[in-house]
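The two complexes that follow have chain A in common; it is paired with chain B in the first and with chain C in the second.
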Partner chain A sequence: MKFMKAMVRRDMIHLPSLLLLLATMGGGIGGVSAQTSGKLHLQIDPANSFSYKLDHHFTIQQTDLELLEGPHHFSFWAPQRKVVDTTVTITGGEDRIIQVRLPYSTEYLVYQRDLRSYEKRMRVMRLLPATVTGGALIFTGIKYANMKKAHDRLETDADAYDNATFPYAITVLKEEVIPGHIDEFEKARTAFRVSAAVTVAFAGVTTWLYLRSAKLPKPEFHDAEKVRFDGLSWMPGPNGGAWTGGLTWNFTR
Partner chain B sequence: MKHALIPVLLSALCLAGCLKDDLDLANRTSNPLDPDYDGPALIELVSDTTRIVYADGMPTDIVVEQQVHIRTELLPSGTDYALYVTKVNTGEVYDYSNPDTTPDRAYHHVVPGVSYCYDYQLKVLFTLTKPYRYCTKANP
Partner chain C sequence: MRSLTPVLCICLALLLGCHKNDVDVAGLTSNPFDADHPGESTLFTVDSIQTETYGQGLYNKQTVVVHVHPEQFPAPTAYELRFIELTDPDTSYFYSNNEAGSNTFLCGNYQVALGTEYCYRFELVVAGEVVTTKEQCTVAEL
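For the complex of A and B:
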C-alpha cells in the first residue's frame, strides 16, 4: 500500500501500472481471477487543459490508459467547459479510442455574452469619445497652425512697413494688404477659439465618460462546472439554494 | 485621464491667448515715409525772412523766403528723394525732381502783415511724404 501511495503522489506518472496493480490486487482479494485489461486512448477537445475522474476516484490528465475489462465511469471536464459523464466498457485485449468534445458551459457562454456587452459599452464610453476628442484636437491643431500662419503674415507686414522705402508702398500696405491680413487673422483666431472650445468640451465629456465607465463592474467568470467537477455543487431551491459537497475517503490507503 | 485633461486645457488657453493682433494700424506711424508719420519732423524750418528788394536805391519788391533742413538720418539709407514744395497762398508747386523747376520759390510783392505758408514734402519714387507746413508773417 505504501508503494501505491507513492505512485499516486507522483502525478499519476505510473497510473496504468497503478490501475492494473489495483485491479490485480482486487482480483486476488475478491477471488476473481484471469481478468484481462484493454488499452484506451482518449482524444479530448480541448486537448491540453482537460481533466477527468475515473470511476469517481482518480483525477487524471493522461490520454493513454490501460484498464481492466468491464465498465468504467469517466467525468471529463476542462476550464470553461461542461462536465461530461460517460461510461466506457473495456474489452480485454482490445485497444479503444474515445473522442470527446467538451461543450462550453452555460456560465461561460453567459460570461462571454456579458463580456462582449461590457467591452462594447467600454468602446462606446471610452474609445469613441477619445477618438472624437483626438480628432477635435487635431482639427484644433490645424486651426492653430492657420492662425499662426495668419499671425506670421501680420509680422511680415509689420517688417515690410518698417522697411518700406517709398510712401506708395506704405499706402498700399496700410490700405489694402494689412487690413486684409488682419481680417484673415481674426477669422483664423475665431475658428481656432471655437475649435479649442469644442475640443475642451469633448475632453470634458470624455473624462466624465471615462470616470463613469470605470465604475462599471467587469464581468467575472466563475466556473461552476469546476466546482461540480471537484465535488462541490450549488443546489438551487425555493429560498435561494445551498452549496452541497461530497467527501470521499479511500480507507484502503 | 483627469490629469491628462489639465495640460490639454492649459495648452488650449495658452494657445488662445498668446497670439494677439498686435498690428494696430492707427498707431503704426513710425516710418518717416508714411503719409501719416507721427515722429520727429522730417523737414525742419531753419529760417524765414521778409526782405525788401531795392533797385537803384528804390524799394521795388518785398520778398518772403524760408530755408528748411531735411533730416536725412531719419530716412532709410540710400533713399532717393527730391523736395516738393507747394506755395499755399498761390497754389504754385515746385517739384525739384523735375530738372526744369526754378530754384526760386520765394513769395514776391508780399503784403506786410499777411501770413505766407509753404507745404514741404519729399518725393520718393513718384509719391509724396507727409507735408510740413511752415508760415511766415510778412514783416519787413
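For the complex of A and C:
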C-alpha cells in the first residue's frame, strides 16, 4: 500500500494501473474478484487548480476515473477553497458525472477583507498624500513660473532703462513701469514662497506617513484548508517556515 | 535619512529657485540721459571760446567750439545742440547733428565788445527734451 501511495503521488497517478491495483488487491485480500467498475467524470470549480483525495489515500488531479463499484470517499480541495468531503457510490458499468463547486474558505475571505483594508489604508497613507504633494508641487511650479516671468520683466525693464534714449521714457520707466513691475514681482514671490512652504510641509507629511505605513504588516494568507487537505507538510514562512499537520480520525471504521 | 532625501531635494530646489529683486529704482542712475545721472555730464564738452575780429577789424566775434560725444549715448539717436547767449537772452541757436554732419559745432556770437564778459548756456536736446546743460562765461579778449 505504501508503494502504491508513493507511485500515485510521484507520477500523478496512472488510473488504469490504479484501478488494476485496486482490483488486484481487492481480489487478493477479499476474494471479491466479481466486482465490476464504473466510470466517473468530475466537473470541479475551479477547473484547473483542484485536487482531491480518493478514499483518504490517493491525491489525484484527473477528472476522469474508473473505479470499482461501491462507495468511495472524495476530499476535494483547491487553493483558497474549502475542503469538501463527499462519498460517491459507484455502480458497476455505469458512467456518472459529478459537479462540485468548492466554496472559498473562511480564512481566504478574512484574508481578502484584511487585504482590502490594508490596501485602503495604504492608499490613504501613501497615494493620497503623494497626490496632494504632487498637486502642491505643480501649483508651486506654476507660481515659480509666474515669479520668473515677473523677474524677467524686471530685467527687461532694466535693459530698457540702460538703452533708453528718450528722457521721458526714462521718467516713465522709473516712476510708473518699474515700480509696478516690482510690486507684481513681490506678490509673485510671496505666492511662490507660501506655496513652496506648503509643498515642503506636504512632502514632510507624506514622508512621515510613508515611513509609518511601511511598518504596517501586510496580511498573509495561510491556507489552513491546504494543511487539512495535505496532512503533514512544510509551510515556508518569513522566519524559516514550520511543519504543519492535520490529523483525521475516522471513528466509523 | 534616506527617506528624507526627496523632502530635502524639494527644499533645496525651492531655495535655489527663489529669485530676488535685482532692480532698485533709486539705484537706476547709470543712463547718461537720466536726470539722476551722477557726476558731471560728459555727453558734450566746450573745447574752446575764442575772440577774433572780422569785417576788416571793425567787429569782434566769439567762436565757441563744442564737441558732442555720441559714443557715450546709451544708443545712437538724433540730437540737437542748443546754444543760448545769456548776456542777450533772446539770442539762441539750434544746431542739429544731421545738418552739421559731424559732432563738432562752431557756435558764433557776432557782436561782442572787448573786455566784456559773455556767458553762454549749452543744452543737449533729444526728442524735444533737454538731456544735459552746461554754462560757461568768458571775457572777450583778443
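As a convention for this text, the second predicted complex is superposed on the first by the 214 of 253 C-alpha atoms of A that agree within 3 Å, B and C clash if a C-alpha of one lies under 4 Å from a C-alpha of the other, contacts with A are read in each partner's own complex, and residues count from 1 in each chain.
The rule we apply is simple: a contact is a pair of C-beta atoms (placed from the backbone, for glycine too) under 8 Å apart; a residue touches a chain by one contact, two chains touch by 3 or more.
Predicted model, so just to flag it, every value in this text is computed and none were measured.
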Could you classify chain B and chain C on chain A, in the superposed arrangement, as clash or fit? clash
For A:Ile178, is the partner it touches chain B (first), chain C (second), both, or none of the two (neither)? both
Give one of first, second, both or neither to describe whether A:Ala196 is in contact with chain B, with chain C, with both, or with none. both
Touching A:Ala164 in the superposition: chain B (first), chain C (second), both, neither? both
Intersection of the chain A residues that touch chain B with those that touch chain C: 137, 140, 144, 147-148, 151, 154-155, 157-158, 161-168, 170-171, 174, 178-179, 181-182, 185-186, 189, 192-193, 196, 199-200, 203-204, 207, 210-211
Any idea which chain C residues touch chain A in the complex? 3-4, 6-7, 10-11, 14, 17-19, 21-23, 25, 28, 30-31, 33-36, 73-75, 77, 126-127, 129-131
Chain B contact footprint on chain A (complex, rising order): 137, 140, 144, 147-148, 151, 154-155, 157-158, 161-168, 170-171, 174, 178-179, 181-182, 185-186, 189, 192-193, 196, 199-200, 203-204, 206-207, 210-211
Interface residues, chain B side, partner chain A - complex: 1-2, 5, 8-9, 12, 15-16, 19, 21-23, 25, 28, 30-31, 33-36, 76, 78-79, 124-129
Considering the complex alone, what residue numbers of chain A touch chain C? 137, 140, 144, 147-148, 151, 154-155, 157-158, 161-168, 170-171, 174, 178-179, 181-182, 185-186, 189, 192-193, 196, 199-200, 203-204, 207, 210-211
